[in-house]
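Labels A, B, C, D and E are assigned to the chains in the order they are written; within every chain, residues are numbered from 1.
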């Protein structure tokens, strides 16, 4: 499966580079004005110019993202275990979880502010609302998809529920879990940014909104770039962690 | 009261990202006017359109909003406990803008054009009224909501006409060398010269802590007066608190607004009952309000510095 | 209908019968596997089940182990059951050591002790040097031996072994058989054994049940009553050949 | 696994009912004003009052959602096949796909408007941006997780790439595919609504925005309710379809 | 290093050798499975590979089938290969019919014809009535027979059968063996057979390779040169017993 190990990172970089070059060319050749779509070079120079400011704002965004993400993981585990143990709770709770995802966050934003104020808490909560779902779903689906035969094996070995969880369900669900984690990580920074749009005084979202309303599109894109880079780095870190934890699978694939 | 060893926590909620409409607030903060009044002020940038609700629910003591919003808030089924306490600008500095290339010079030219709205319930009524007044046929205008999208992107393609703030988007157009046709709203119909933006306070604060409201407005007035006198310095102060903004836009906008804050009034912030009544009547006549606005309870000038 | 086997502690009864099926019926949809089957296993016995492919042997074990419900009848199992299923069911994310040591771990045995016992037993099934390999790195027969060892590690009172040596060459199989008999003598537990190898059944068993095609019934119950004390002697006995001929007739 | 077949639908309904009753009680007992959180009964009466209007707007939202969803599925299949066939394309494209998800849509809304105008097209595109990702990821992951042994089997049977896809990869990935589809369906209506916020003259999003600016929170929540109901119905339909297509799996579970 | 077996069309050569391994080496990490192994199979032969569990038999087949790369040496395979792996690898979402008919479908045979052939062959492996069952509804031996039939359906020139009858009782196994010999006579293809059953190897083979433990080498190559025309007669021949004793000595 992984024949290109050494060039693994080359292809995506080439893909991104190609996209950037195309973008630059289109903007220059078709003379797209900066208030519609700034060129990559202009974005880069805005990034350099505003570096300190962006760093200042990013720190807050990262903080909310990570705290929310951590909470999401813990919560997802707790809930997944409960849902897996009690079929009734699962059946009652699952639709509520789904509903929680179909509600547009921005529609209930004032409620969040009213309940949790303007501090970092509502941002963290939005991160949790967004990230928690894919993680818990991946865990629950992962545990559901275990071959009945293995469950029987553990039954004959008289394993307790906790043991079945720890020795069978958890490792089995880990593959799914890391998929869910990567999806959650994809949306993690973005959701903190959305949280910042709801109100606040610091964060990439605040920076971005101000730049947008001042028609500084190069700065808007610089902040998008920062969001993308942060997200990609986090996803990549999870990928590496996942490969370590699931080494038996990776070894098998590389065979 | 004023003074005191411990400063009173005060939260001000903006209506949008920081801009030149807000300069006086930042000047008051920077120059210590709030501190002098014993107020420890925090200025918050919320999601667009949520400031009135947030003030009503006690998330902020004061908020920036506009007259129409307060009119709706006070006539809704569960009226929000807020009262307008000052207008930041005397005249409505918003209006209809189009690119010169769209050839919209009078309201008559609105016919057959596409209007890009921002989601207010009253836009259709307002356009209908001004077009009908001018003898144009409103039905020929297409009304499309462009949400939070900006003028320049919207008018790039199919949108002809957008409602803008002259002191912000109008200035930006000038800086970019994009020529506009601009019709101030206040020139189109007297009823439409409503206050925007304005300051509101929570009714609890007004009732239980009127000194705080007075102290707040004293400091804010000083801030806006300073901005009128020293537009460039005021712009620098705004930029200090919102360095994400474009300096040139802020400075030019500040110069424009310096003349606007108090135009036609001898005191900063003062509001007239007719302005509130006329616009409420306009909305009522067009079936946009659930019930009559009680103008006396909608605003008050009593906390403005004498 | 869920009728679960009755389970009793071995101490509660002084009867010699540890497994007893009476008039058991079991269908999968319209397919009737057992209409009315009865059999029993006594404490300390090795009993083999012989029957053609698809005759319901694995289903029988699943019933005894309490893994699937029956339609009617009585199932009584006295004592704890260790079950080696026909598939190896090794956990792909655990090494050979961890897979084999799993039952001990589940019982809360200390890490040190688990390690010691694994080191002691792995060579007996020819898996020394494979401690840290993952299941996909093993051959089919090696996986079967790991699964066999894992079942023995449960040290239960009754072992159900479903084609435990099916993928082994005759040499390795012979070693395993010998070792099983030794284990049995030491621990004095009860073993029920599914095999398709008649020689193996004769070598190991005290009794043999031959079952028919589905709907399966007991075609013949055979007491293997020669060389009971040293079963290895059966390998060279002429009685073995004779018995084999007899069994072949029933199949 | 599915022991409660007959009461399957009772638990979620009970769960939702419980949540609604709690909500009503809290609003009434604590006297929560309507501009903070309207009670379920008030929302229901707003829904009844505005039924015709909501139907009118919903039709447009549903249209954009379904067209976008359909496109997402088709596109996801095409791309998944291409990515599965050409490792290089996969490696180059995958990160771009991830990046496309880390970008906050609202930040690039002006671009969408400039390119696609204010009609239904940009809404459809937003639905595609949101829904396409979970579907394609689920397909690609599903195809990746096929046991090497099965691939070898098909190799020895000299199957063509297309045959391997049709007889092995597709059916194997279907379980994952339906998971992805359900996730996409969760966000499908919501993303159309977000599209409508960015501009438009008809749709639940337009209705909601107007209600919000008029402080008619009961109507805002009535539209949220409609979004939730439509989403749940679609998810449920997919669930049923999935169970049919994957009947061999369901049968096995019920065993 | 990827060294793929050289593949030729059978028409391109008039030699009798269809499979030839010369000085082949293969390691998994540090584990050397083959250091230097050579063997050949002639057209029309049935050749068995005997060796203890874990000796590299399945690895050998994977090499011949071109599924895994070798480290050094030459592999020449003339003709198309049908491979029945040790695991059954039935597709869980296809019925027995669909699983067995898959190779025909892949070759573009018409639906009608596929159905006819399946209806003709299923009874021969004792799976009549199971057409519409899914793999999880079959017993272990039934799955093996379905997998066996699927391999035969490929009608390739060379069949590699890895423990094809390992899970079958002796009666069913005997039927399968007989049927395999008939098929072989009709189609005149080449069969390479892995088994751990020495009797089976003697019954079926023209030649037998006995391989050692890893690093595996050919310990003995045995020509089974009696009753070549009617191999069924070997069942009753005394030479069979003699040969068995001999082979046991090499294992």
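As a working rule, a contact is a pair of C-beta atoms (placed from the backbone, for glycine too) under 8 Å apart; a residue touches a chain by one contact, two chains touch by 3 or more.
Small disclaimer: the values here were computed from a predicted structure and weren't measured.
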Minimum number of chain-to-chain touching steps separating chain B from chain D: 1
Return the chains shared as contacts by chain A and chain D, ordered by label. B
Note: of the two pairs A-C and A-B, more contacts are counted for A-B
Distance in whole angstrom between the CA centres of chain C and chain E is 29
So, what's the distance in Å between the C-alpha centres of chain B and chain A? 37
Just give me the whole-number Å value for how far the CA centre of chain A lies from that of chain E. 50
Residue numbers of chain C (touch at least two other chains): 87
Residues of chain B engaged with two or more neighbouring chains: 53, 57, 150, 153, 156
Could you tell me which residues belong to chain D and also touch two or more other chains? 36, 106, 110-111, 114, 197, 212, 252, 255
Mind listing each pair of touching chains for me? A-B, A-C, A-D, B-D, C-E, D-E
List the residues on chain B that touch chain D in their complex, please. 49, 52-53, 56-57, 69, 72-73, 76-78, 80, 116, 119-121, 142-150, 153-154, 156-159, 288
For the complex, which residues does chain C have touching chain E? 28, 50-55, 57-58, 86-87, 126, 137-142, 144-145, 163, 166-173, 196-198, 248, 251
In their shared complex, chain D is touched by residues of chain A numbered 1, 3-4, 8, 11-12, 14-16, 18-19, 36-37, 87-88, 91-96, 98-99, 101-104, 106-108, 110-111, 114, 134, 137, 141, 144-145, 148, 175, 179, 183, 186-187, 189-190, 193-194, 197, 208, 212, 220, 223-224, 227-228, 231-232, 235, 252-253, 255
Residues of chain A defined as touching chain B within the complex: 35-36, 50, 53, 106, 109-110, 113-114, 117-118, 197-201, 206-207, 209-216, 219
Per the contact definition, I'd like the list of chain E residues that touch chain D in the complex. 62, 65-67, 80-83, 85, 87, 89, 91-94, 102-103, 105-106, 134, 136, 154
